[in-house]
Structures are given as structure tokens and as C-alpha cells.
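Below you'll find the structures, each written out as C-alpha cells.
Note that subunit A is present in both complexes that follow, paired respectively with subunit B and with subunit C.
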Partner chain A sequence: MAAKKGKLTKVLDHLKHEDPFSKGVAFCPGCGLELLLRFIPQVLGNDIVITGTPSCSAPVLLGQNNQSWHKLSYFGTLMTGAAANATGLARYYKKAGIDNTVVCFNGDGTAADIGFGNLSGAAERNEPFIYICYDNEGYMNTGIQKSGTTPYGATTTTTPKGSISKGKNLRRMNLALKMAMHKIPYAATATLSDLDDLAKKLLKAKEAKERGFVFLHVLAPCTTGWGHAPENTIEVCRRAVKTNYFPLWEAVNGKIKMTKEVKKPKPVKTYTELSKKFVNMTEEDHQILQDDVDYEFCILGGLSQLEGECQLPVSAED
Partner chain B sequence: MSSNKYFKHEGPWSDANDPLMVSDTGDWRTKRPIVDKDQCIFCGFCAIYCPIQVMEMVEKSHFKPDLDFCKGCGICAKECPKKAISMEPEGDFQK
Partner chain C sequence: MITKAKEKTQIKVITGNAAAATAAKLACPDVVAAYPITPQTEIIEQISKFHANGEMDCELITVEGENSAMNAVTAASLAGGRVFTATSSWGLVFMYDAVLAAAGSRAPIVMVNVNRETPGIIAVSSGQQDMISTRDAGWIFLIAEDCQEVLDLVLQAYRLAEDYDIQVPVMVHYDGFYLSYLSEGVDVPFQEDVDTFLSVLKDQPQRTKLTPGEGLGCGSHGILGGYLELRHKHVSAMERSKEKFDQIDKEYEQIFGRAYGGQIEEYRMDDADVVLVGSGSMCGTIKTVIDEKREAGIKVGLLKMRMFRPFPGEVMVESLKGKKAIGVVDRSLNFGHKGGPFYTELKSFETKFEGSPMVSFIDGVANTDITTANVATMIDTICDLAAGKEVPEVTWVSYPEANDPDSAKVGGQ
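Take a look at the complex of A and B:
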């Protein structure tokens, strides 16, 4: 007997626009980045211009030979100047009076490391575009090297497991928090297990970019680099949220608000057990990672409770 | 965007008047998702989470993957709350 039909997920209501990508594109099966890239224009519309750098996204966004994989406009830049190039584009559209959304779409290598200087500069100047960092916690396209957002204990090709090295021995940076502290109109974290939350944040981003710089930090697991089963990509994201490894929040002018409260956070091990990159971690390593996650979350929790208390200077309001 | 009559939209390398490039990603598959339409409650979770966005709605009753492009990642099967999708070895479908 046929099961009773339920209600369609409300996420589908956010997908109002065409998917501009060709159906068969060169991303790995189970790639988090592919879902994110197809999701953005379906929510924001196809009248966006994407700029980005050499990365896993570039072969698809840039096209090959004389053909393209999608119908959006794309501007390929260097990693050192991604946000500076997007600045030029955004200013062009403003000057020309063209209503367009510039989306500067980069991995964590560009956002957290190589292109951080000009990202920070664009945020400080409050340039009117959306910067999205898809965070796969490393330089995946060049062969899985560690980046500033690679977490403690993770094995990469530059932090391998060997007789001396036992994975990354440094803690990750918190890029989103750093960006929120630029007091930009909108900053947020999101991930692929919570697509309703992601869609709402994209729409808020589009609206907030009228007031200036927007930063979105999206955790996008990489099956190849992390070594999780392709079918687990969404589950990895879900557990990242449920362990507070990757809390979901947003910040308007630097005021932080949690967008998803996790009642009883699970130990970070329930997140790490899905990916081979954490397989070499000892109990002790796990404790260090857990402490780091707790520490970051404590800071975030403290900041989010200040929400009503801090008054934005009148001069900063528009 | 442009008023230039030669451009429909501006592509990265070309004028993108050519058809989009397509890879035969259906050929990558090692496992094939099979939807049991009787189990399906038409919630759409498989469709939203499919990275390739190839889960198609069939007559407001169930979803079905476009096997020409489905890469066989198994996310749809894993995320389906009713376990209505099973992943079967692709070899079983070769004659």
C-alpha cells in the first residue's frame, strides 16, 4: 500500500529560480561545493555575477576550452586579489546604475589565508558585495594541503601522519567571527544540512549588500579530501552543527545572534568519526580539539548574549 | 545584459551561445538509486540535498533521479526519512 503523502519541505519554496548549471559537471560524487553552487543562484536568481579564484570551483565556473558549464557571468581572479577585483565589479555596477549582485565565491585558502588581506580591506571599506567562503578546511584542488581553517588533529598532505607529525598540531582560526568583528552589515555561518537557514541567510545577504559588505561562511565538506563516504556529506554537516563544531549564527553590524540553538551538544567525536582525516587522532588529540571547540563556542555564546546591550554609534547607522 | 545582438549572455571563454558543456556523469555511478514509490511520502528531502539536483518530481506523488547524470553518491538514500531509496550495484543493470 502506498505511504500517505506528507508535506513537501519548505526549502523547495526558496528555490524560485532556474539552476543555471549544466547537469553533468566535473565535481566529485557527494561534493558539498556542488550543492552549494547550484543552490545559490536558485535562491538569489540568475542575475548575479560570480567572481572567484583558482580552486575546486574554478574549473566548473571558468569553463573549459571554448565552452562553459553554466549560464552565469564569471570573472576569474587571482587568490591574492579576489575581494579587490569584486570591489571593482561592484563599483562598476553601482556607477552604471545596474541592479546586479556580485558574489565573490572562494574557498578557505583564499578567504582565510592568501586573500585575507584584501578581504579584510573590502570589509573595512564596506564595499557593496557578497563574499561567500565555502570552507572545505584545506587546499583541496591542489592536493589537500592544510589551511588556516583546518582543525586541530586533521591529516592533510602537509600535516601527515608519520613518525613525528601526527596531523595538524595547530588550532584553526575562526574566520567568520573575525569578519563579524569588521562590524559589516551582515555576517553569518551556514552549512548544507540546514538549507532553510542557508536560504534565509542568502536572502538577507542580498538585502544587506545594499548597505555594504556581506560575509557568509559555509561549511562544505569534501569527500575526497576528508575521506568520508560520499553519502555522508550532509550528515557530516549536521553533526558539525550538533557538536557545536560549526555553530550557526548571524551578525548584524557585529551583533551576534545564534540562529540555531543546540540543546545538548554531542561530543566532537561524533563529528570526527565520519571522516578519515581524523582517524589518527588519539584520545588526547580529541580532548584538545574538544577544548578548542568549547572555547570558541564559549566566546561566541558570550558575544551573542550582549546582543541587546551594545549600542551602535549613531554615526554608523545609515 | 548587453544590448549587443551577438551575445545572449556572456560566458567565461566564449559568448556562451553554444550549448553548455555536459559530462556523462551518469557513467561514473557504481550504485544506482532506486525509489520505492509506495514508500515515498513526497517530502522532497532527496531533491533538496542531491548535489546535482537531478531528483525530479513525478506527478506530485514521488521523486525519481535523472539517471543520465546521477553520480550515485547515495545522499538521497541516506537522507530519505522513510528509507524509500535503495542503492543497487550498477552492474545489476548492465546486460
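Take a look at the complex of A and C:
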């Protein structure tokens, strides 16, 4: 018990600011998005400007449900131009000399699919704000459709089980790695089972955005869309990390470093077995997903090793 | 246009695009975001040059597409900045969702749109179809006739967009190719005069700004009652913008010695029997032909529309009522109607004209020149109409094959 209590205090130490969200907000029980959304301003402060798109975050974040809301400055943007809107805010504040932390907070549909172009553009221009993708692996708010980060084998309403199909038959894109390859000041992955890691990354993000663009990719399971028990949200995150399905790493100027080493990775099946969205996968499908997870992890390891060996151009160093 | 001699002037021979860029520079925006597209590109090249030489102290965002340009300037505007962007044709429609959202959030953006056709990628030619595709976005639309007016309208647009009683984005349109690349003598205002003209805005109450830590939000617009309230306020602001624009035009004259008449410019209208209604660069040609026809004893005038959104119906009725015939020249099509867009909209005021019959002329689309001969044909047609002859309701002036003898007619006793 004593050890556990110590761990808890470590996380709470990072929560230096008030939770700006009222109780009883309109999220499902066990919502990963809500936990993340409440966590960010408690670490970064309540003086952030948060932008969001039409999504599950809209009812609470963007004032659609003003019976239970928050106290942050916010801007509801289009999915197509989420990063461009954050750019406009950050650039104006810079011009006007207004201290600011703009947090562009979007789901994977915006980040990986419809808004990827301007996300990449903002990264290329090294715009001074923090982009956080809460990845629930699909379009949950519109009723669980497939996105670019939906994993192989997952059943969604646009990758349904049919007589000749049984889920998504394509691999997921590695969004975080793509963003790190922009060689931005800071890119990282994080999830809700490792809050100390998440808090540290948020603080690094705040510091790094003084040098330019920051991208955080946070796995945020959706109980409704994934079909896991609400009390299992954190466990799903934990197993995603322990199976290397969602490895935790960071990249400073593109230089990748693992922030959590998993000594003996568990089979990916220990992750998939918690969520109904994987229920239609056969042993063979699991092998395909396992191979993909192993491959991605191997690439990550290889890249982090290579980055150590290759000399980063002086111009890319801060 | 009324011009009064001034003690100090600086006339420069510049293109319409350079006039737009110069006006943007003189307005001192905080944030400029833009993406290149023919025939607008020269504007952002010029601004980039101003910026690179330290002549323009703005945040310049060289975005990866027009959609981002509109999103970026919308956000910067709502944060409190003065913003500028420019585009054309495909660029305008690529930012369409953001154009709607900019209006929905009442962001006082000034954007230049250099009119170009949009039916296919090789239709790189002048025409107002891009403007028509966005006419119901909730923006104020102004249209310039020549390079001087491009510059003047951009400056007037800032006064209109950012006015505390208006707060509606303004799009300044001018004909691609005809004006974008045409070099003319332009009286470039001095910075201190522009500062004086725009300083009125500083004396007004400040608009609500999205500021860190202040717990303010925007962008979601609301539903049901909240939606109706915001929309009605928007519509009311559009209505107010008509007289406001007239007023701004008068104030502009006091400082710069040039006035155009506000929502509309009237050319030899006082004693005119027949009238052409036009907009943009065609008006220069129309004025020339009117002068010739006047010498031949034909009392013809021009009503030039400087404002298209909101539709300046009241002042047009005042100007047009009692005339013997009206011809409306459209540089775009109104799919679903035979006549052009300006014609169709003006038609809704027809009962107030005290009997003046109207016809539609479609010309100048896809770079077909609206020649002096074409304008003469149009004037002859409305003279026939005034004389009680039957004429086609719609004439594609540069495409006679379209003019079916069995098509709808107006007039005839």
C-alpha cells in the first residue's frame, strides 16, 4: 500500500492547477477523452486556450452543453483546419506580445485523416503551439466509423463483419512517428495508464513550444466505441503499453528515445481481449496484428538507434 | 468617380494585384496568411517582399493551402488581430467551409478575391463565377472597376469589416487577368493619411477578443434560439453595412479626394432613359460606349454595383425607377435560372421600378472580352425594348448560337 500511495502522490504533484471542468459533464462513464481533458489544464494551467473540433469533445469543450462546462478560453474550429486555426491564434498572440499556450486538441479523425494536411503544414512551419491528438482509433462521435488509426481487425460501422469481411483489413498509420519525422522540437506518445509520464511530457511540451511545434499522441480508449467495460479504460491503456501495441517514447528534434521500456512484452492478444471491437478476429488475424506491432516496434527501435549514430544537422539543434 | 486635386500625390503605375498588396501594406495587418493561385499570386509575392524587406511588420503565414489561410486568419481575427488574405477561384472554394465559419463567427476579415472561372482546371480565365459560388456565405462583397478602386476598396473594406456596428468579413472582388495584370496609374495614399482614415476604428469600443485565461470562447455558434439570435444579428449587420459603406465612401473622399458613391456608382444617370447595370472592369468599357451613344443623342446611363452583398436594392430602385428599359450585364451564370445572377436578384425589385422592363445580358465569362461593340449591341437592345419592341429576355452576347429565336421574350406592344 505504501508504495502505491507514493506513486499516486508523484502524479498528484504535477496537478498544480484547478480542474476547470464542472462535475457531471456529458461524457460516457469511463471516457478516456474526459480523463485526458481534465488532466491537461491541471498540469499546464487554466490560462491555456484550447481549440477543438466537432467531436465527442464538442459537447463539453465547445459549449454545446452549457449546463456543465469549463472555465477555459476555447475556440471551436472546423476539422479541416484545426491546426491552421491554432496557428492563427498563436501567431497573433506572438505579434501582440500576449503570453499564451495554445492547445489544439483533436481526435484521430481530425489529426490523422481530414486535418492531416494542415497538421503537417503547421509542423513544417514549426508553429508555436501544442497539438494533442486523443486517439480513440476511429470516429466515435458519429457512431464508430473507421479512421486512419483504426487497427487491423477492428470492427467499426464502416468496417463491419459481413459474409466476406470481418473488420478492418488494413493496418493503422503510425501518426506519432510521422509527426516526429517532421523534426519538430518535441513529439511524444502517452496514455492514461502512465500519468506521470503524460504529465512530464505535457510540461516538456509547454517548454518546447517556445521553440516551435509540439505533437502529443495520446491513446484514449472509448468504452462505447470499443466495447470494453468503463472500469477497464485504464487497464486497456496499460495493456496497450505492455504489449508494445502503443509504446511510450518521445522525440526531441526528431531524435527518438523510449520513455518506458517493456522488458517482456505480452502478446497483443492480452490487449485485444478486453475490447469487443476485436471480437471478430481469428488466430490468423491476431498473428497479422502481432506481426505489425512487432514490425512497428522494431522500426522505432531501429530509428532511435540510428538517430543516435547520425549527426543531427546543427541547424536542427536548438 | 469624383476626383479633387490634392496638394500631394504619389502616382505609381502598378497592377491591380500590386494595388491590392499595397493597400494591405498600408492597412498594417497583424497577420497575413495566403497561398498562391493564378491570377492572385502576385499579391502574396509582393507582400512577401514587403515582409522580407521589413516594410510590413506582420506575422506572415505561408500556409500549405487556401483552407488553412482562411482558418488561420479567422482565428487571428477572433483573437483580436487585423488580418488579410487573398485568393481566387479554386482557392476560394477550397476554403469554403472556413469562409462560412468566418462569417458565422463574425470575424472582421478582409480578403481579396481575384475573380476567375471554376468549371475545370484549364478554364484559367476571368469571370465572376467564383464570387457567385460564395455569395450566400454571409460576407460583404465589394467589386472594383479599376486598379485605383482596388486599392481604395481594400482600405474602405477595413473600415467596414472592423466597424463596431458591423463586424462582418468583407471580400473585395476584381476581375482576374483584366485587372490583376493590368498596369495603371494609381494614386497611392500616404501612410499617415491611411492611419488617419483607419484611426476611427481605434476610437470605437473594442470587439470581444479570444484571450488566454479570460474564459471566453467562440466558434460553436449554438443551436435553436441562440442560433436564431446570432443569425438575425448577422442579417441586421449586413443591412446596416449599406449606409455605413456610403458614409465610409464620403469620409474617404474627405481624406483622399476620391469618392465613388458608396453602394453604387451612377454614370450619366440623371437624365438617362435606358440603363445598363454592370460591375467590375466592364464598367470602364461601358462608360466609353455611353459617351459615344450620348453624342448620337441616346440617353443611356450606367449603374455600377460596387456592393453585391448585401444587395443594394433600395438605392438601385431609387436610381432605376421610371427608366424606360434596364439591361443587366452578368459576368457569371445562375444555374437553374436563364438570366444571370445580378439580373435575377434585381428582378425581385421589378415591381418597384414603376414599369421599367428588364433584360439579361450574359457576357465576359471565361475571358470573352466585353468589347465596345458588345456594349453597343446591349444598348441597342435596351433602346429597342424602350421603344416597345420585343427583345429576348436573355442574350449571351458573345455566343449568338445560344440565342434561340423561340426563347422567352420581353417587351412588345
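What we mean here is this: the second predicted complex is superposed on the first by the 303 of 318 C-alpha atoms of A that agree within 3 Å, B and C clash if a C-alpha of one lies under 4 Å from a C-alpha of the other, contacts with A are read in each partner's own complex, and residues count from 1 in each chain.
One rule holds for everything that comes next: a residue touches a chain if its C-beta (ideal position, glycine included) is under 8 Å from a C-beta of that chain, and two chains touch if they have at least 3 such contacts.
Note that this is a predicted model, so its numbers are computed, not measured.
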item	value
Subunit A residues touched by each partner, larger count belonging to subunit B or subunit C	B
Touching partner for A:86 - first (subunit B), second (subunit C), both, neither	second
First (subunit B), second (subunit C), both or neither touched by A:78	second
First, second, both or neither for A:48, with subunit B first and subunit C second	second
Contacts of A:120 with subunit B and subunit C, given as first, second, both or neither	second
Partner chain(s) touched by A:99 [first = subunit B, second = subunit C, both, neither]	second
Partner chain(s) touched by A:57 [first = subunit B, second = subunit C, both, neither]	neither
First, second, both or neither for A:25, with subunit B first and subunit C second	first
Touching partner for A:141 - first (subunit B), second (subunit C), both, neither	neither
Subunit A residues contacted in one complex by subunit B, in the other by subunit C	62-64, 71, 73-74, 76, 98, 100
Subunit C residues within the subunit A interface of the complex	30-31, 33, 58-59, 61-65, 67-81, 83, 97-98, 101, 210-223
Subunit A to subunit C touching residues, read off their complex	46-49, 51, 58, 62-64, 71-78, 80-89, 91-96, 98-101, 117-118, 120-121, 124-125
Footprint of subunit B on subunit A - complex, ascending	1-9, 11-12, 15, 19, 21-27, 29-32, 34-35, 38, 42, 61-71, 73-74, 76, 98, 100, 192, 195, 223, 229-235
Subunit A-facing residues of subunit B, complex	1, 9-14, 16, 18-26, 28-29, 37-45, 47-54, 61, 66, 68-69, 71-75, 77-79, 82, 84, 87
